[in-house]
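One structure, as structure tokens, below. Some questions next.
To keep things simple, chains are lettered A, B, C and D as they appear, and every chain counts its residues starting from 1.
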Amino acid sequence: MQELINRAKELLANGTVARVLGWKAGDLPYNPEPAFFTTAEELDNFVYNGFCGANLSKYMIAASKLEGKTMVCLKPCDTYSFNQLIKEHRVDREKAYIVGVGCKGKLSIEKVKDLGIKGITAVSGAEMSDDAETLTFQTIYGDKSCAYADAMLERCHVCKGKEHMVYDELIGESKDTKDAERFAEVEKIEAMSPAEKFAFFQKELSKCIRCNACRNVCPACSCRKCVFDSTKFDSAQKANVDSFEEKMFHIIRAFHVAGRCTDCGECSRVCPQGIPLHLFNRKFIKDIDELYGEYQAGADTDSKAPLTNFTFDDAEPSIVTKR
Amino acid sequence: MSSAKNQAERIKEISGVNPLKCMKCGKCSATCPAFNEMDIKPHQFVSYVLNGDIDALANSKSLWKCLSCFACVERCPRDVQPGRLIDAARQLVIRQKGQTGLAPEEIPELLDEDLPQQLLMSAFRRYRR
Amino acid sequence: MSINNEEFRPKIVAFCCNWCSYAGADLAGSSRLAYPADVKIIRVPCSCRVNPMFILRAFEKGADGVIICGCHPGDCHYSTGNYYARRRMTLLFSMLDYMGVENGRTRVEWVSAAEGVKFSQTMNEFVEKIHSLGENVRLGDLRCKN
Amino acid sequence: MQRIGVFVCHCGSNIAATVDVKKVVEMVAMEPGVVHAEDYQYMCSEAGQAKIAEAVKEKNLTGIVVCSCSPRMHENTFRTAAKRAGINPYMVEIANIREHCSWIHKNVEEATEKAVILARAAIAKVNLNAPLFPGESRVTKRALVIGGGIAGIQTALDIADAGYEVDIVEKTPSIGGRMSQLDKTFPTLDCSACILTPKMVEAAAHEKITIYTYSEVEKVSGFVGDFTVDIRKKARSVDANKCTGCGVCQEKCPSKKAPSEFNRGLNTRSAIYTPFAQAIPNVPVIDRDACIKFKTGKCGVCEKVCQAGAIDYTQQDEIVTQKYGAIVVATGFDTIKLDNYDEYAYNQSKDVITSLELERIMNAAGPTKGHLERLSDGKHPHEIVFVQCVGSRCSDNRGKSYCSKICCMYTAKHAMLIRDKYPDVNVTVFYIDVRTPGKNFDEFYRRAVEEYGVNYVKGQVGKVIPQPNGKLLVQGSDLLDNKQIFKEADMVVLATAIEPEASVRQIATMLTASIDTNNFLTEAHPKLRPVESPTAGVFLSGVCQGPKDIPETVAQAGAAAVKAIGLLAKDKLTTNPCTAKADELMCNGCSTCANVCPYGAISYEEKEVNDHGIRETRRIAVVNNALCQGCGACTVTCPSGAMDLQGFSNRQIIAEVDAICR
């Protein structure tokens, strides 16, 4: 972390960048938040640890409009999102100085809490430099600990790899934390009966409070004006009644990002209700991989996206009933 | 009359053939190896069924002269398949006669070693429904 | 199909592309090839104009089935529209299936301007299928409030 | 809110017999926005249109809904009527209550209910319509004719005579097509070559006509008035500018084993060849698959003997790119393959031939120099059997469901010519029906029977069995005598079904012209627009549209030419205003829409926008209205919904959905 701060100060000092986009400490030991830093003094608040899950790519849309370059800290999986935004002309590569930061898996405070660890006052073992396999917590109920891997975000268990897809320089070591099958959860649902599937999604979606956190954090949901806020489809957000967007919001959102979603998992991470929203996106990814060939959004900036492409002998929609 | 109509419907149902598709080209009769043995010719079968003249069909020699070789079925350009109609008429007659069928246990005894396979198959086609 | 007032009368929306399927429906009409009145056709320029939102909207408003008809692949008036539609609809249908919505409620069929018979047959089949599935409750009920 | 008038047409009894039009009027009058509703016998009539004008004036209408036949039929009529009445033509919507309602339903209550719903959907849409204004696009005053048979030649001549440039693209080394392969023509028995050759020469000599033989259309882009076409000129290996057409190369060529396409493979030709003596251009091509020089590198005889030095083994395919305002398809036909018809023994006996092969045998330039002889042993036949409808009128999947139309007449011709030239030959024709509609056609057929003694037998042939003695045993039925006939014939001639030339499917795809399951190109309207494809600017000439004989083909070729001329005579075309349009404030500039646009109509501009007080420069999608054809692919692919289609907007379609589902 210190290496990062030093480098950031250096880049600010020599005028390479006008600001730094990273994380600063939050009000609790486990909730650092994205932040811009413009001076060396401010950078003393910079943090980078296991709780810095936030994908900073989307902030670069706004930063691309600012004067001068921005140093942005991107984890390996964040770089897919950044590439995808380059492809869609939403960020300016020239306005970014990308520091590819090391990552050994990010942590989910929900998972920690689920392990029965509550009332946390301090954490150790989450620092980037630590190679500790164990997290130790000081809590108001005494010291507690758990395995690092047990507290990781779901997305880190299906890690896309430790390589950065785009960067100007790399700082820190990364680790491939994949220890589960990416589509295992999707397959589990696919194997259910229609009634079970329906019950599953009804239960999950019933939790939704339409806070729009998933949409707001999603790097693919970068529209200037979301269709759900527009009058063009008669689907503008209205009172919380039994209306179209209430029911269809998540299907439509998943469809809108299909072929563009990098599976960064931010939607599920930020959902205050704990809805596994990635299951929608990942279903599309699985279908795309199976029907149209493997495709990883954001792995490059020039390939044709699956939904803006076709082959003459693509599967017919009736394949859905046959599979 | 109405029973004749019913019988014609029954034949259509058993055979799965739509005699209205016939364009009266006569290729069935042109191709039939048992043509000379028949009093009602294969192409006429279609019009007999169309006209509901089932009694004549039921009493015809042709019904029992057809070899079920299905050459007419094979060659018919309109998918009318006169062979299937004849087959169906035969079914109808047999069903009306009632208990003339063989009991399964009687069959092995009746089978001749030298019986051509083709004949067996043909009988199979004829009686399988 | 006999109709009595007690019977379930499905609401079925058919999106037909202007160049092939709508013309096919016209041909079915001028050839007097009947299909149930439950089917109502919306004319779109091309199957690729059909936004998944339209389909979900229809279900949300009470449709029991939605069918999308376009030119046969390779014959699209706009060259490639139906290829895009094919991918979109495949993914959408797969998603609906994944969420436990009976997949028989959605269908894509390629019907050319010359295929009046196919149009009528397709609609008859589709209506029959919807009848067998009964009223559509699931889609309208996806997010139950609690 | 619009002020909408709804007009419900009875269409005589076509609609009124199944739809209670009065009830429809009553129901729609209550719809929001509707200020006027009436019904009338024939809305499309002069009087019907006057009613619209009257209501527009009296009720100050801003939108019109006509409940009538398909918009594909009369949308234009009512748009024009609206325009005359002073309303923007795009404020009209049609509810199709005939093809989609009255004609397919029998129950009045049910049909009326549906008609009301369809009308409501149209009303809901009109409520959201906005006036649209067509743009203009230019017309390139040049036509392309694909196919150099009699259809293509005639179309090209007619267009050229009207003063426009025409290019003919022909796949084979010479123009002339199937007609050049025919010996005589019915019902006059003119020599085919004698009437065709002058036309070929005229086309070649015409200053407005450019002929690309041995060439194929490779790529088509653009739209009516402004097509861009890539033509692949295949390498002839002969320099057309130097070649004098002396023919020595063909004589001396040592490779003479390639089957002659012109003679239907009945004999062979040299590797360097012109298909036939009157070929135009009279410039040979080297068949590189047959040429010894190309296969082994050794030979070069043609190069040595060519006085003009025209042989060029290094010649490459060349792509010519040209712009056209109109395209005429005249790709013609071929006979079907008989592989599925084993019963006729076509593949087993050389003496079972197709009628087109008989044409070549009868022709003086054919494989037998015009002598009627058996191809197996060269013997003179005494008994010939003709079989009609081979592969035509078949509803099984072996043949074609349609009648090939020309066979009855050419068989009568063949029978007559054979009986005339060789009175010792017995001719029997097995027929299902003899179809002779056409001027002097039935008389012609009767002459074959009455004057020439051709034996017509009503019945089909079931099997042709080659005999050890070389004869062909024909087993057929005589339905009138109720007999089965066995006839020993020396030759059997099959009236083989014709089908569209196989390459037409690819061409149709390139042109986005619709095509039916039999590979015939679809016409814009089967009765009223028989020579136009539904794709604007594409016209149909000859058998590519449906089976026809020479006079019909020539007539249709002329009609297609007139349609093309009508288009080329215009300086500007009005373009469809139902084009895509991006909402500047919503557009992300993400380029997704451009990726799916088949016309390259979308580009991006850095544009200064004012988004509720925020002024900034943004990358914004801009649609070129002249290029956009209004498919709507971009509208669905656009993640933000910024892209919308005028005339079929998201809100309009959703309003229709709501109206239907409510």
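As a working rule, a contact is a pair of C-beta atoms (placed from the backbone, for glycine too) under 8 Å apart; a residue touches a chain by one contact, two chains touch by 3 or more.
These numbers were taken from a predicted model, which means no experiment stands behind them.
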Farthest chain (mean CA position) relative to chain D: A
Chain A-chain D separation of Cα centroids, rounded to whole Å: 54
Chain B-chain D separation of Cα centroids, rounded to whole Å: 44
Rounded Å distance, chain C centre to chain D centre (Cα mean): 29
Shared interface positions of chain C, touching two or more other chains: 52-53, 57, 74, 80, 84, 88
Chain D residues counted as touching two or more neighbouring chains: 596, 637, 650, 654
Multi-partner residues of chain A (at least 2 other chains): 227, 233, 307-309
Full enumeration of touching chain pairs: A-C, A-D, B-D, C-D
Of all residues in chain C, those that touch chain A in their complex: 52-53, 56-57, 60, 73-74, 80, 83-84, 86-104, 106-108, 138-146
For the chain A and chain D complex, residues of the former touching the latter: 65, 87-90, 220, 222-227, 230, 232-234, 256-257, 260, 304-305, 307-309
In the complex, chain D residues that touch chain B: 343, 389, 393-396, 398-399, 432, 458-463, 475-479, 482, 484-485
Residue numbers on chain C that touch chain D, as the complex places them: 3, 11, 13, 18-20, 22-23, 25-26, 28-30, 32-35, 37, 40-46, 48-54, 57-58, 61-63, 71, 74-81, 84, 88, 112-115, 120
Contacting residues of chain B [partner chain D, same complex]: 21, 23-32, 35-36, 41, 43-44, 71, 75-79
